[in-house]
Amino acid sequence: MKRTVPLMIVMVGGILMMVQYFIPHQYSQVIFNNYLEWAPIVGAFALILGVGSLTRLHSHKIRRKAQNWQYSWAVLIPLFGMPFFALIVPQSLGGGSDVHGVHDFLFMHIQVPIQSTMFSLLAFYIASAAFRAFRAKSALATILLLAAVIVMLGQVPIGDVLGKWLPNTGLWILRYPNLAAKRAIMLGVGFGMLATNLKIIFGVERNWLGGAGK
Amino acid sequence: MRINWIGIPAALIFLMIPSLSVAQDSVENLTPTDTSVSEMVTEDAAAEEIEAQPAAGELLLEADPGLDTSGMITVQDKPNDAGDQLVVTFEPAVNPEGIQCYNVYRRIAGEESEDAWNRVKVIPADEPPEFIDGYDPEYPIKPGIFYEYRIASVSLENVEYFGSVYGAEIAAKGELFHTNKVRLLIAGGLFITLIFYYFWKAQRGTKMYLRPIAGIEAIDEAIGRATEMGKPILYVPGISTISDVATIASLTILGRVAKRIAEYQTRIIVPNMDPIVYTVAEEAVKQAYLEAGRPDSYDPDSVFFLTQSQFAYVAGVNGIMMRDRPATNFYLGMFYAESLILAETGSLSGAIQIAGTDAVTQLPFFITTCDYTLIGEELYAASAYLGHEPKQIGAVKGQDACKAIVMSLITLALVLGILDLVANTHTLDWFRNLVTVSIVE
Amino acid sequence: MYDTIGIWVGAFFTLAIYSFLYKENPVYRLAEHLVVGISLGYTMVLIYNTVILPKLLEPLFAGNHWILIIPGLLGLLYITRFIPSIAWLSRYPIAFIMGTGMGIGFPLTMKAYVLRQLEAAMVPLYESGMPWYEVFGNIVMIFGTLAALIYFFFSKPHKGLFFGTGSKIGIWVIMLGFGATFGFTVMGRISLLIGRIQYLLGDWLHIIE
Amino acid sequence: MSAVNIWEKMLNVDRRWIFLGIGIVSIVPFLIGFGMPITTTIEVEGIFNFMNELGPDDAIFIGFDFAPGTQAENMPMAVAVMRHAFHNHTSVFMTAYVPLGKGMAVSALDYVTNPKTEGFYERVLYEDWVDYREAGITNKEELTVAWESDGNALPEGAVGWVFEGRDYVLLGYLPLFHLVILGMTGSIETQFPVDYHGNPIGDMPILMEHKSLRDVDLAVTTSGSSACVAWITYAREKIGLPIAFGVTGVMATDYFPYIQSGQIVGQMGGLRGAAEYEVLLKENGITRTTDKAFTGMDVQSAAHIFIILLIVMGNIAFFAGGFHKQTKLKGRR
């Protein structure tokens, strides 16, 4: 019951979905459509585990007064505040034609700016990564460096000023050698994925059950 | 027990392939009558006289001489569908003057009322008189039901002039095999055969050579370094779901890493972005401590879930890196744009970093910022190496065999291409067509 | 008023994140913890509003979709993780997601990662009217793909003329591609920063419009 | 201090100086624009020429299929296309593929109709011109004449009127948007009975003339994800609606095949694509000035040069300091 049934579910589910792909018949479509309806429902409940884990971690910190424990309140209060304000007390803050609740405010004016800003850190990091990594230490590193610099220059107006060959060379690298590399990696990855699919469906790879291989 | 496991489904799959092709044959045997166009339409003569009048309710101008209407409507079943589509063709009006477009109406055969007609398609006058019915989600076609069609010519003033009613002699039906997917089926079958052959070979105990991968040896070194420094180890299992193959490979490696960590008595931190991955990672680490004989030193707070939003997760992991200062960071699994933020912050905190992903777009950033990077398939291979199971090694061998096949196909195409150039033939197009799969199904 | 406060709060947290570039500090720490809590809370609401309510509860209470009890119960099994003695039951829903996911993935991976890539790699070297750099590009592409595939061969050591030289050329091609991708991505990343600067200088401070 | 030390210091420069440098080169061009000339490409010209052929009887869709994260790249594209349409009196439908895209559509419209914007359009809300509508004045030219003859004057700096429900309608976001596109091929009204502000769209003149996607001439999807492909799959392939892409720079190369196969009329790739459209608008006299994307390209130039300078300096220090003779410190590939 503990291991055999899950392995059985995996095998039956896997083979069923694999085979239905080739069958356009309405009964096969019914199976597929049902799956499309069911999968999000099953998956949705997993979030409870996540909420449980985060709550446990931070309540432990608060209880133990671990380092920086005060910040744990900054996690726990909005974590439960968001559903509270969205579902139980959809309190409006007023203003404008749309309803502006606390929930919307926290999302639009804290989460969205922070996420966009985190994303934009990449602009700084890509510069410092380029500075440290692109040194002509070896032939391979030189290739990496040259390709990056040519493509970078080809992207911006200043490249046009320097000469049409720059953007053209950049585009050529992107379209041919770059594509060859990507294609080879994708083919390799593809076979790896297919093999893993089979290994899981047929119970060769079981470590997702917890405990390696036993 | 395990041999049976493999045997049953394998046999099932192989049985399925011939049975599918038999099913396909039977479909083909049925279809000839379906595809012959002319026989399947009857003219509903009785209805014609009434329907030729403009529809009730439309304002008909006295001066309007009326428009020519379309001719015969033919209905065919659409192949490779779930019995929810019909191919409808009609003869356009002989005199197209003044016709803006055609409105196509459909109702279930046998229904008498005017209200039963649904407009399912509008075809501009200058477009080919053919369409596939059944795309409109409001008026779906059901398998096994016979429908009637009629077409109105629409004047520039939006007045409709109806043609005759035609009943389809066939109903839509679903097919048992998608004929456009034969190549996919053959390729899939070939792959499965090869992999199972190597599983079987591995199980018989055949010794198989695999070349070393640099990143794997680095893993042990990196754990050792963290132990010496007395600092924790950070393990990020990617930010994708459990159904992602890279995540599964990462979790296998996590089991191995955690075991070594348990032996060395170092601390591990595993923040997760997917709740299911979190549970599996927790199990893997717990099991590793058990296997290392130190279940007591397992800290339940070491594996935890952070959040499901990409950049909120990154913010959290960045904070951990700068506060706990891990000596070694592992980034193994599926990554998106956050790869560089993680790896740069990690290198800023002075950690040794080992990365591995199959995300082609993120590999350049790991290569430039991490000390070791497992490129694409190397990640899967690493998990197979560390799993120490013969079948895992067999799978890698099977993948290699497939790559060899692909390489020889590309080489053959190259040769044929040169042949085409020299001898002015067209062999490459023919050969390429063998592996072409359609984008739209 | 609402919008003004919103912009100020947003600007504060934007600067809080940027302060991390200088040093990890209490303000960043606050922003980090808040966004973890808020984003997870937001996801909970989102999942409830887009999945649990419309796809499970509403059809169930409408009374004609009793079959949905099965995925509902399967999902509830996750919660057994909190009860150690029956925690193994949580493997059932994982197995469901896992098995079906793998099954769906198989033909799609075969199509997207293998057959379509294979087809795209079979290009004619020369067709009439092709400029020289395209012909050269095609040669580089075909041989580059082959060489990079040799690099990913695990069965043979990277030695000898075929595997040794082949894998060496392979890694060169791969590095060329990585360099190009890196250079190509810079522009998009700078654009993200431009977006934030427009927010700070425009929406917040009104220096630029 | 020996010479080697200087090079070593340069190689191990505190990263915060690099961060500061990037910050400076990204802000300065906003304050003093350089105006680097931008040459246009056929991909963007394809969209521009297609748009330029459209007139008052035609309609386009602008899909705000991006979230705030890629706003800097996608927003100028949508704004440029919207200005072009307003200039030619082509009707505009605005939709969103992602939930936050609806807010993006509102911002874009606010920007184009904001008196602070150079060359803005004066917006007339749907409820403000109800009398004219009821009097049967829905033709664009007649409406403008009637509106102005009643004493409404175009404010200073504005280049034209836009009437809600006549020149544009904001439809907004619906879940499972690919199915919404499919549904709109039959009828727009069944998918969006009311617009973003709750006005019933069935009464709007824009909808009476353009009832379904079949009556629409072009859909421009500005997208930061693969959402743009849904317009191809569900609108282009099903009813042959011409599609134009506005995608982020990172995605641009992935979609070149769609141009080659003729599935899209053109593509704006990243900030550069948007800047090219702005240049085309200016060159053809449709706008007087270029806009945010063009300024953004100055930032791009500055930042790219800064990064390349960093790389060059790193290499000079590396070789001048003699580090290339030393064995590698780390076992990196």
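In order of appearance the chains are A, B, C and D, and numbering begins at 1 in each one.
Everything that follows uses one rule, which is that a residue touches a chain if its C-beta (ideal position, glycine included) is under 8 Å from a C-beta of that chain, and two chains touch if they have at least 3 such contacts.
Keep in mind the model is a prediction, meaning the values are calculated, not measured.
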**Prompt:** Which of the chain pairs holds the record for C-beta pairs in contact?
**Reply:** A-C
**Asked** Using C-alpha centroids, which chain lies at the maximum separation from subunit C?
**Response** D
**Request:** Determine the centre-to-centre distance between subunit B and subunit D, using the mean Cα coordinates as centres, and give it in whole Å.
**Result:** 30
**Prompt:** Using mean CA coordinates as chain centres, what's the subunit C-subunit D distance in Å?
**Reply:** 23
**Item:** Centre-of-Cα separation between subunit C and subunit B, whole angstrom
**Value:** 15
**Request:** Would you pick out the residues of subunit C that each touch at least 2 other chains?
**Result:** 17, 20-21, 29, 31, 33, 35-40, 42-43, 78, 81, 90, 94, 97-98, 102, 105-107, 110, 114, 118, 121, 142, 145, 149, 152, 171, 174-175, 178-179, 181-182, 184-187, 190, 192-193, 195-196
**Complete:** Residues of subunit B that touch at least two other chains are 181, 184, 188, 191, 242, 245, 276, 279-280, 306-309, 311-312, 315, 323, 360-361, 363, 365, 367-368, 375-377, 381, 396, 399, 403, 406
**Complete:** Contacts with two or more other chains occur in subunit A at residues 7, 11, 15, 18, 21-22, 43, 46-51, 54, 68, 108, 111-112, 114-116, 118-119, 121-124, 126, 128, 130, 132, 134, 140, 144-145, 148-149, 152, 155-156, 174-175, 182, 185-189, 191, 193-194, 196-198, 200-201, 208-210
**Request:** Considering only which chains touch which, label the overall pattern as line, ring, star, complete or other.
**Result:** complete
**Asked** Touching subunit A in the complex: which residues of subunit B?
**Response** 2, 5-6, 9-10, 12-13, 16, 20, 80-84, 143, 174-178, 181, 184-185, 188, 191-192, 195, 199, 242, 245, 248-249, 251-252, 255-256, 272, 274-276, 278-280, 283-284, 286-288, 290-291, 300-301, 304-312, 314-315, 323, 337, 340-341, 343-345, 347, 358, 360, 363, 365, 367-369, 375-377, 379-381, 387, 389, 391-392, 395-396, 398-399, 402-403, 406
**Request:** State the interface residues of subunit B toward subunit D in the complex, per the touch definition above.
**Result:** 122, 124, 135-138, 214, 218, 348, 361, 367, 371-373, 440
**Item:** Residue numbers on subunit D that touch subunit A, as the complex places them
**Value:** 13, 15, 18-19, 21-23, 26, 36-39, 68-69, 71, 100, 103, 197, 249, 253, 272, 297, 300-301, 303-308, 310-311, 314-315, 318-319, 324, 328, 333
**Prompt:** Contact residues on subunit A for subunit C in the complex?
**Reply:** 1-3, 5-7, 9-18, 21-22, 34-35, 37-52, 54, 68, 71-72, 74-83, 86-87, 93-96, 100, 103, 105-124, 126, 130, 140, 143-152, 155-156, 170, 172-191, 193-194, 196-198, 200-201, 208-210
**Request:** Going by the contact rule at the top, pick out the subunit D residues touching subunit C in the complex.
**Result:** 16, 19, 22, 26-27, 30-31, 68-73, 116-117, 175, 248-250, 253, 270-272, 292, 296, 299-300, 303-304, 307, 333
